[in-house]
Amino acid sequence: MHIAEGFLPAGHAAGWTIAAAPFVVHGARAVVREVRENPGSTLLLGAAGAFTFVLSAVKLPSVTGSSSHPTGTGPGAILFRPPVMALLGTVVLLFQALLLAHGGLTTLGANAFAFAVVGPWTGYAAYRLTRAAGAGLMPAVFAGVALADLATYVTTSFQLALAFPDAESGLVGGLLKFLGVFAVTQIPLAIGEGLLGVLLFRVLTVNARPELERLGV
Amino acid sequence: MSHRTLAARGLVAGYERGRPVLDGATLTVPAGRRLALLGANGSGKTTLLRCLAGRLRPTAGAVTVDGQPVAYSRAGLRTHRQTVQLVLQDPDDQLFSASVAQDVSFGPLNLGLDEAAVRARVAEALHLLALDPLAGRPTHQLSYGERKRVAIAGAVAMRPCVLLLDEPTAGLDPSAVAETLAALARLQENDSTVAMSTHDVDLALRWADEVAVVVDGRVVQGAPEVLLADGDLLARARLDRPWALGVGARLRALGLLPAGPLPRDAGGLLAALPPAPLVRS
Amino acid sequence: MSHRTLAARGLVAGYERGRPVLDGATLTVPAGRRLALLGANGSGKTTLLRCLAGRLRPTAGAVTVDGQPVAYSRAGLRTHRQTVQLVLQDPDDQLFSASVAQDVSFGPLNLGLDEAAVRARVAEALHLLALDPLAGRPTHQLSYGERKRVAIAGAVAMRPCVLLLDEPTAGLDPSAVAETLAALARLQENDSTVAMSTHDVDLALRWADEVAVVVDGRVVQGAPEVLLADGDLLARARLDRPWALGVGARLRALGLLPAGPLPRDAGGLLAALPPAPLVRS
Amino acid sequence: MTGLAVDDAAWASAWRRRAPGDKMLLCGGLVVTALVLPAWPGSALVGAVVVALALGPARVPARTFLRAARWPAAFIAVGAVTAVVEVGGGGGPGWAPDAAARAGSLVGHALAGSAAVLLLATTTPMSDLLPALRRARVPDAVVEVASVVYRLLFVLLGSLHTIREAQTARMGYSSVARSYRSSGALAAAVLTRSWDRARRMQEGLAGRGMETGLRVLPEVLPSSWAFLAGSVAGPAAIVVASSVAT
C-alpha cells in the first residue's frame, strides 16, 4: 500500500521528502556516472526500471485465495544495488502515482523513503549478511526479498504512526495499530514475495547466467 | 482426444475506443476439417481466437463445443482449456522455460500427470512437430521458425481436441512454412482439429477446407474458392484475391483447364494445364 | 542526399558455433536500383545487412560506398551512418520514445541540426511514410504495421543515401504491404536507394530490379527472372520458385504470352494473356 | 489492449494539447488548496471542482476516473479508520473522542488531493511531464532513463500479459504451488526479455547516431493565458469561499 496523496500532514510530507532526498540524489549521481561512462546503459537502466514496475504488477498468489502485488524492489536491490534502486524505485513510484493512482506527489518522498530506500537497503543488507554467513544464493535471495518487502511496510506503518499517534498511548500505540493493519498482514505476502524471488533467481541462474555474473550476483 | 466442433454464436467482444472489435461474430470450426480464419491486421482475428479459446469472455454471445456452451467457472474453463488450445503469433511471449523439453512439459505437469506420462506426452508432441533433435536445446538458441514450432508443441502436449493457431506461418521462410504445414497435417491425423488465422490468401486457398473471413466485426464463412473469389467481400476485408483463382478463371475461360474445381496453387495449375509442346530441335 | 552505390567484397562475419555466418559474401546495392536480398531464415541476411550498415565489423572483407571503403573509426562510422541507414525487423527494437514525432526527431537531433531543421526533417519523413496523422500519437497505441512504418521514418529522417530494410513486409497484411511499398517508391524518387531483405520470392520478383540470394555464406546476385528461375540455386537457398515464373514459362511454351520478359505478378499475367472469349448467350 | 486506463485517458483527453506547465500549475494549486484548507468546505470544494473539470472540459471518461480513484480510496478508508481507532487506555480498542471529525478531515484532504493528482494524470501523458523534470534541474541522464522506463513499460506489460495468458491456458495457475512456479518463470522471462530489448535497442539507436543521450524534440504545446488565469483564480476563489463559510 502506497500512502495516498493528501494523507500526510504537510510537515510530514516535506520531512520525508527531505529524508529521502540524499539517497535519491546519491542514486541519481550513480546513474549519471554510469551513463557518462557508457551511454548504452541508459537503456539497461530503463529496462531495469520498467521491470521493477512490471514486477509489481505480477499477482502474488496467496494461500488465502486473495492475491496481492509484490513491492518489486527486492530483486532489483540484489541485481542492481540499493543506490541505483533508490533512483529507479522513485521513478517507478512516480509512474505508479501518475499511471495507476497508487501513491501521490506530495507523499512521493514518504513512499520513496519506504519503498526505494529502506526496503532495498534492508533487503540488500539481509542478502549480503546471509551470504556472508555462508548460506547459498537461494536462502540469501529469500531473506533479501522477503525483508525488503517487510521493511517497506514497517516503514510505512512508522510514517503513519508518526503522523497519527494514538490519542491515548501516543507513538507506540499508533505504531502498533498501523503495524497491525499494514505490516502484520504483510508477513505472508513478504514470504510470498521471497518465494517468488527464489523462483525468479532459480530460473535466472539457468537462463541468464552471463547477465548474473556481469551484475556480480 | 478426438475431433470436436467448436463454434461461436453472436460474439460481442474486445472494446477499443468505445466500439466492439467483434460485433455479432458467428462461426463454426467443423470437427476434423481445416478452417482458415482470414482478415486484415486489426480486424479482430486474434480477439475471436482468444474468445474461442476461453481466454477472453465475450460480453454477449456464446462459445460452444459440440453444441455445449462454455461455462466461465473455474471448472468450466479448466475443461475448456483441455479441449481447446491456442498458440499466439509471437513465440517469444509463450516460451518461458530454459529448454525445449522443459517448456513442452509445462502443461502436462500442470495437469498432474505422473512423470512417465509427462515424458510420453513431451516425446509425442516433439515428434509430431519434428522437433525431437532439439529436445535438450535452450529455447533462446533456436531460430524463429523453430521457436514457433516449440510453442505449438507446448499446446499439442495438452492433447487438445481443437488446436487454434494465430498466424502460424507469419515471418517463416518457405521451408519452415512447409514444415509447419506438414506438422499440422500430422496433428489433424492424430485427431486434433486444426484452425489457423492468416492474412495470406494464397496459403488459405491451398490449405483450408473452409475459410472464415472476419470483416466489420462479423464473420463470413464458406468454401475457399467461393469466398476468395468474391471481390466485394475481399475489398471490404482489405484482402487480396488469391492469384490462382484470378489466373485460373481466365485460363478456364480460354479453355485451357479441365472441368472441376480450379487449381489452388502453382503445382496444381501446372498439372492441370496442357503439357508444353515439345520443342523442335 | 543522393543515390550512392553500397557494396561488400568478400565479407566474413558473424561466427556461430565456430563457423562464420558469412564466408566471402560479395554484393552490390547499385545506386538508384531496387535490390531484394533473398534467403531463408538464418541464412545470414541480417548479418549481411548489419555489416553493410556498419553495425557489425566483418572479420575480413570490406564494405564500400561508391568504391570508398568504410573506415571503422568513430568519425568514419559517423559518416557511414549518415549515408546508410538500416531498419531492423522488430519495430520495438528501435522505437524508444513515447510519441511518434519525438521518436523520429531522435536521429536528426543527433546530427546536431537546429530545431527548425529537425522539425522539417521529421515532417518530411512522416509525410513520405504517410504517417502525418499519427505524429502526436503514443508509440504504444500503434498497430504493428504502423510501428514498422514509424521505425522506417526514424531512419528516413536521417536522409540516408541508402536505406536498408530487414523484412519490412513480414507480418503485414496485404494493404499494409502495399502502403509500405508505396512509401519505399516515394523514398526512391526522393533519391534514397532502397534495398530490402525478404524470403517472399513472389514479392521479390514483382518489386526488385535485382536480387541477391544468400546461400552457404555467400551471395549470388543477378536479374530476378533469371535467379528466381534457377531451381538448383533456389533449392540450395531453401526458397521456392515464384509461381509467376513457373506458370508464365508454361504459358509461354503454350504460345499464350507475347515475347519479352515474363509477367511478374497476377495483374501483369492477366494483362498479358489473351482476353477471355465472349460467352455466347 | 495492454494500455493502462489512466494513460489511455491522458492521450485521449481534451486537454492533451494544453501546455503541461499550465496543467501542473492548476493541479498543483488544487492539491495545495486541498491540503491547507479545512476539509469542510475547502477540500470538498476542491474535490467538486476537480471532478467537474475532469468530467467536463477535460472529457475524462467517468468510468476511468472513478475506477482509478478506487485505489487511493481503499488506502484512505483503511488508513483513516486505523488513525482514529484508540488502542491505549483500558477496555480494548475504541473510537477516539473526536474520531468522526478527525476521520472526516483526513478523508476529505486525502480524497480531494488524490483527485487533483488524478486530474493531472488523466489529462497529461507521462512523456509531456518528463521534460518538466529537466527544467526542474533533474539531470538529463535521469530523465532519459525515466523516458525509457515509460516506453519499455508497455512493451514489457504486453509480454507479461501474453506469457501469463499462455501459462494460464496450459493450467499454470491451477493450484497455489503451480501459481508460484509460473509467476517465478513469468518474472524471469520478463526480466530476460527486458535485457534483450535493451541490448537490441542500443544497437538500433546507435545506428541512428546515439552518442551521448536520448534527446528528442518535445512537442510545442503553447501555454494559454486564460487557462493560467483560471488556474490561479480557481483555487483562490476556493480559498475565499472556504474562509467565508467558516
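A, B, C and D are the chain letters, set down in written order, and residue numbers restart from 1 in every chain.
Just so it is clear, contacts are C-beta pairs under 8 Å (C-beta built on N, C-alpha and C of every residue); 3 or more make two chains touch, one makes a residue touch a chain.
For clarity, every value in this text was computed on a predicted model and none was experimentally measured.
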item	value
Number of hops, chain A to chain C, where each hop joins two touching chains	2
C-D or B-D, whichever has more C-beta pairs in contact	C-D
Chain B and chain C: spacing of chain centres that average the CA atoms, whole Å	29
Centre-of-Cα separation between chain B and chain A, whole angstrom	44
Distance between chain centroids, defined by C-alpha means - chain B, chain D (Å)	41
Residues of chain D whose C-beta touches two or more other chains	1, 7, 126, 147-148, 150-151, 155, 185-186, 188-189, 197, 201, 205-206, 210-211, 214
Sequence positions of chain C contacting 2 or more other chains	96
Shared-contact residues (touching 2 or more other chains) in chain A	43, 203, 207
Touching pairs - complete list by chain label	A-B, A-D, B-C, B-D, C-D
Of chain C, residues touching chain B in the complex	39-42, 143-145, 167, 170-176, 199, 201, 238-241, 243-244, 246-247, 250-251, 253-256, 265-266, 269-270, 273-274, 276-277
Contact footprint of chain A on chain B as seen in their complex	98, 138, 140
Interfacial residue positions of chain D with respect to chain C in the complex	1-3, 7-8, 11, 16, 125-127, 147-148, 150-151, 154-155, 197, 200-201, 203-211, 214-219
In the complex with chain D, residue positions of chain A that touch it	1-7, 10, 28, 31-32, 35-36, 39-40, 42-51, 53-55, 57-63, 75, 87-88, 91-92, 94-95, 97-102, 104-106, 160, 163-164, 166-170, 173-174, 176-178, 181, 192, 195-196, 198-200, 202-204, 207-208, 211
For the chain D and chain B complex, residues of the former touching the latter	1, 12, 158-159, 162-163, 165-172, 174, 178, 185-186, 188-189, 193
